[in-house]
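You will see chain A twice below: alongside chain B first, and alongside chain C after that.
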Partner chain A sequence: MATDRILEVENLTVKYGPIEAVRGTNFFVGNQEVVSILGANGAGKSSTLKALAGLIPHEGRITFLSKDISRTEPYKIPYLGLTLCPERRGIFPDLSVEDNLLLGAYTIRKNKNLIKGNIKKVYALFQRLEERKRQLAGTLSGGEQQMLAIGRALMNDPKLLMLDEPSLGLSPKLVDFIFDSLKTINKSGTAILLVEQNAMIAMEISNRIYVMQNGKFAISGNTKDVDFQTLKMKYLGV
Partner chain B sequence: MKKYLWFIPFVLVPLPFLGYPFLLSIFVLIGIYTIAAIGMDVLTTWAGQISIGNAAFFAVGAYTSAILVVNFHVPFLIAFLISGLFAMIIGIVVGLPALRVSGFYLAVVTMAFGIAVQQIIGVFQITGGYNGIRNIPVPSFWIFKASNPVYQYYVVLTIIFLIFIVLSRISFSKSGLALFAMRDSEIAARAFGVNLLKYKLAAFAASAALTGLAGSLYASAIGFISPSQFDLTLSLDLLAMVIVGGAGSVMGVMIGAAFFVGLPFLLSGYNISITIIQGVALIVILLFLPKGLLQIFKIRDLFKKKVI
Partner chain C sequence: MVFQQIIAGIITGSLYAIVALGLVIAYKVTGVMNFAYGYMGMISAYIFFTFFSMIGMNYILSFFIAIAFGAFVGYAVERRLLRPVRNISPASMVIITLGLLLVLEGVALQIWGNNYQQIPNLLNGLPLILRFEGGIIVIPQQNLLILGVVTAVIIALILYLNLTFQGKAMRAVAQNEEIAKLMGINSSLMMSISWIISGSIGALAALLVAPQTFVYPDMMLSLQIMGFTAAVLGGFESIPGSIIGGISIGIIENLVGTYISTNLKTTFSLAIIVAILIVKPEGLLGSAKSRRV
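Moving on, here comes the complex of A and B:
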């Protein structure tokens, strides 16, 4: 079983000064799996992802593709195939759509053919981006910006794609579209670790879920086994 | 910038043939400030790091070059390169705090650095203390004696053109992309493998080197330097040149430098306070041309927008 896990997290703790945002969580992501971390505001979901990407100080052991990355410099992590699609999209507003994508391929910048192929793949997934490739990213609509953020994250061929609230600020129709694309991305072999507030939509595409409450997992398990009533209770913090 | 390339062969190159040596020496000065302001532009609009201490790099360049030429009789070309190199090293040191602080905090840190350098220069003997260094010899390049402003003019113009070529190459490269990404979103840039340490220090190094080279040219063009020339006002002027002219474009920066350096000379014959004129002009420019004087060339676009 252990060899099927591409990401293994043991005893992850994140502190902001005296406040413990994540308190010793253990979880894993299997090969080609979609795993969701759900929870209310301030439960510690985003902190978990940021810690995995090395962006904030943390304690605990993070193993990615049987390599300990808990002390790896943040800019080296995407080279390993672990890419974060940051919260609020984090696109580069003053760069064109295409330049945004090219920056996503920064880790594979020497391999021009691979970059070309990946851009084609991204444009096939999100045609809208190809129509607007010369436009400045800051002028895109919210949904297009989310497509760009995901597309950019796919540019360096991640083995595990981490997404922080991809449904944030999108209309229900667009949320459906984005999550359909995530399903497509997963089918082509990329594992996905998703952080979401929108539990219903996240559960639709996830193999397993973890529900976070005050920095710990209150529920974890296969999506179909989770009792909806308990989920509701935990989610509302009752 | 490509649109304005006609400007070089038709306006900038033939300028000396007009035959006004005084005017030409002002253009030399404008050119020197342009180089320093490009240094500021690279740091602020490319890398998104603010600095109001760039006068210190200017001073470091000017003093390094002056001391080498006056005290050690080093040929100017070598002194020129060393002053750029030395300023670059100092720039890397100053860049280190930028890894921890940003925005207003970085502005204050760089300001403190600028003031500190100015004071340090005033203390030492070799720098001539607060009296400065006088009689800095005019450099002589290979074939030409540069005491002629025509030569100075072409030398400065060539340097600016070389800088422009290098910068435009960088801006279309992966490194340029990484710099712009860092400016737009540090977290996202890092999440995609950009080494912020490398790029922030590189931005500071490039900025300091350019400003130091400009300082070296300044010292030999003016012939006299003292700490009071490199105060906070100079740093702010450099920043203002970038904003007033047009951030992110060599052409814009050149216009900004012309505005700040050339205008006082233009008005010196009249009995008006230059500060008032400059202040009013600044406000008018920022109100009507928020993207800098370079916008004048795109004035037709402004009218187009009004119709729609």
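Moving on, here comes the complex of A and C:
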């Protein structure tokens, strides 16, 4: 079973000064799985993803595709097939939609044909982006920016796509659309590690979930074994 | 007469424009306003003087050695002086560049003294003379060279930033360093490259202007001030803005110098620019978005 794990995290700790945001968590993502980390605001979810992407200092051991990436510099991580679609989308507002996508393919920049193919795939998934490919990304609506952020993260064919709150600030209809797209992406072979406050929608697409509270996992397990009502009342504060 | 002044203004202005460009590219990618910029270029002018006039090396070869030296200085200043304090105190990076200005001035004085050293023009042939109804325009060959070189540099830079993968990556770092890293962009390398480009441009500006200003420790003072002004007028973050800013200042300055007073040309031009900035504080092509403090 262990060989099927593409990401294995042991004893991950993230500190901001004296404050421990993530306190020794252990988790894994299996091949082609969708895993969600749920929890209220400030539970340590985003810090977990940022640590995995190498953006913030952390302790513990992170193994991705049998390689220890705990000390890997952030810009080298996407080369390994681990890509983070960041919180608040993080698109480049003063670059065109297409240039944003091209930058997502920076790690495969030598392979023009692969880039062309991947751009086509992204446009097939999000037609709105193709219609607006020459537009500056900053002029897109919130939903379109989220599509762009996800599309851009897919441009280098990640083995594991990490997403930080993709539902943030979107209308329920758009959230449904984005999560349908995530399902499609997963079906084509990409594993997904999702961080979400919107537990209900995240659980719809997840194989397994971890519920985070004060930097630790309070519950974890297969989605179908977790009772949503208890979860909601006890851990999500809604 | 007016045309002659406008042409002369475009030529002076094109020098302001590349100084502004060099400042802006380093500022956009690393966020540092480099107050030592002109003085870094000045050192390259002395390097040229040393190789060409003192050692007697070929003009073109000395020229490229001096540019390469400018590139190296740009790299070294960013990597060795600014990078270590980058995440600690962005404000002190500006102070470091101010300190560097004084150090470079002192170093130049120590090594080369404070004599005005002459550098010949590269092109000394007959000037280009255009005659037309109502006037005549005379453009010295060296000025044509300046215009040609500056235009070529500007075009090359715009093509690099807009069409190459590396150029786009550099713009990505300028917009959001952290997100650029997530794309696999080595932002540290991009910062170095931006200062290498900036340093070479500063050296180039100094070499182009040196035959007129002579080479001495403060030779770049006025060009640096006007370059900053051009950058501010253009919005400080915009490359087309820097070009338009530089050329407009050059033209305004020459017209004021001719028709109002030579003594007042800098004062008057700066007053006009202050007036423009009062009406349009974000600069001609700057974005009006507010900044977090």
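Simple rule for what comes next: the second predicted complex is superposed on the first by the 234 of 238 C-alpha atoms of A that agree within 3 Å, B and C clash if a C-alpha of one lies under 4 Å from a C-alpha of the other, contacts with A are read in each partner's own complex, and residues count from 1 in each chain.
Throughout what follows, a contact is a pair of C-beta atoms (placed from the backbone, for glycine too) under 8 Å apart; a residue touches a chain by one contact, two chains touch by 3 or more.
Please read all numbers here as calculations on a predicted model, not as lab measurements.
Chemist: Quick check on the superposition: with chain A as the shared anchor, is it clash or fit for chain B versus chain C?
Modeler: Chain B/chain C on chain A - steric clash.
Chemist: Mind working out whether A:202 is in touch with chain B, chain C, both or neither, as first, second, both or neither?
Modeler: Neither chain B nor chain C is touched by A:202.
Chemist: Touching A:156 in the superposition: chain B (first), chain C (second), both, neither?
Modeler: Both partners, chain B and chain C.
Chemist: First (chain B), second (chain C), both or neither: which does A:83 touch?
Modeler: Both: A:83 reaches chain B and chain C.
Chemist: Thinking of the overlay built on chain A, is A:122 touched by chain B (first), by chain C (second), by both, or by neither?
Modeler: The answer is neither, since A:122 touches no partner chain.
Chemist: Of the residues on chain A, which ones does chain B touch that chain C also touches?
Modeler: Touching chain B in the first complex and chain C in the second, residues 53, 55, 74-79, 83-84, 86, 90-95, 99, 102-104, 106-107, 109, 152, 156 of chain A appear in both lists.
Chemist: Which part of chain C faces chain A closely enough to touch in the complex?
Modeler: Listed in rising order, the residues are 165, 168-169, 171-172, 175-176, 178-187.
Chemist: Which residues of chain A touch chain B in the complex?
Modeler: 53, 55, 73-79, 83-86, 90-95, 99, 102-104, 106-107, 109, 152-153, 156
Chemist: If you look only at chain B, which of its residues touch chain A in the complex?
Modeler: Touch list, chain B to chain A: 174, 177-178, 180-181, 183-185, 187-196.
Chemist: Can you list the residues on chain A that touch chain C in the complex?
Modeler: Residues in contact with chain C: 53-55, 74-79, 83-84, 86, 90-95, 99, 102-104, 106-107, 109, 152, 156.
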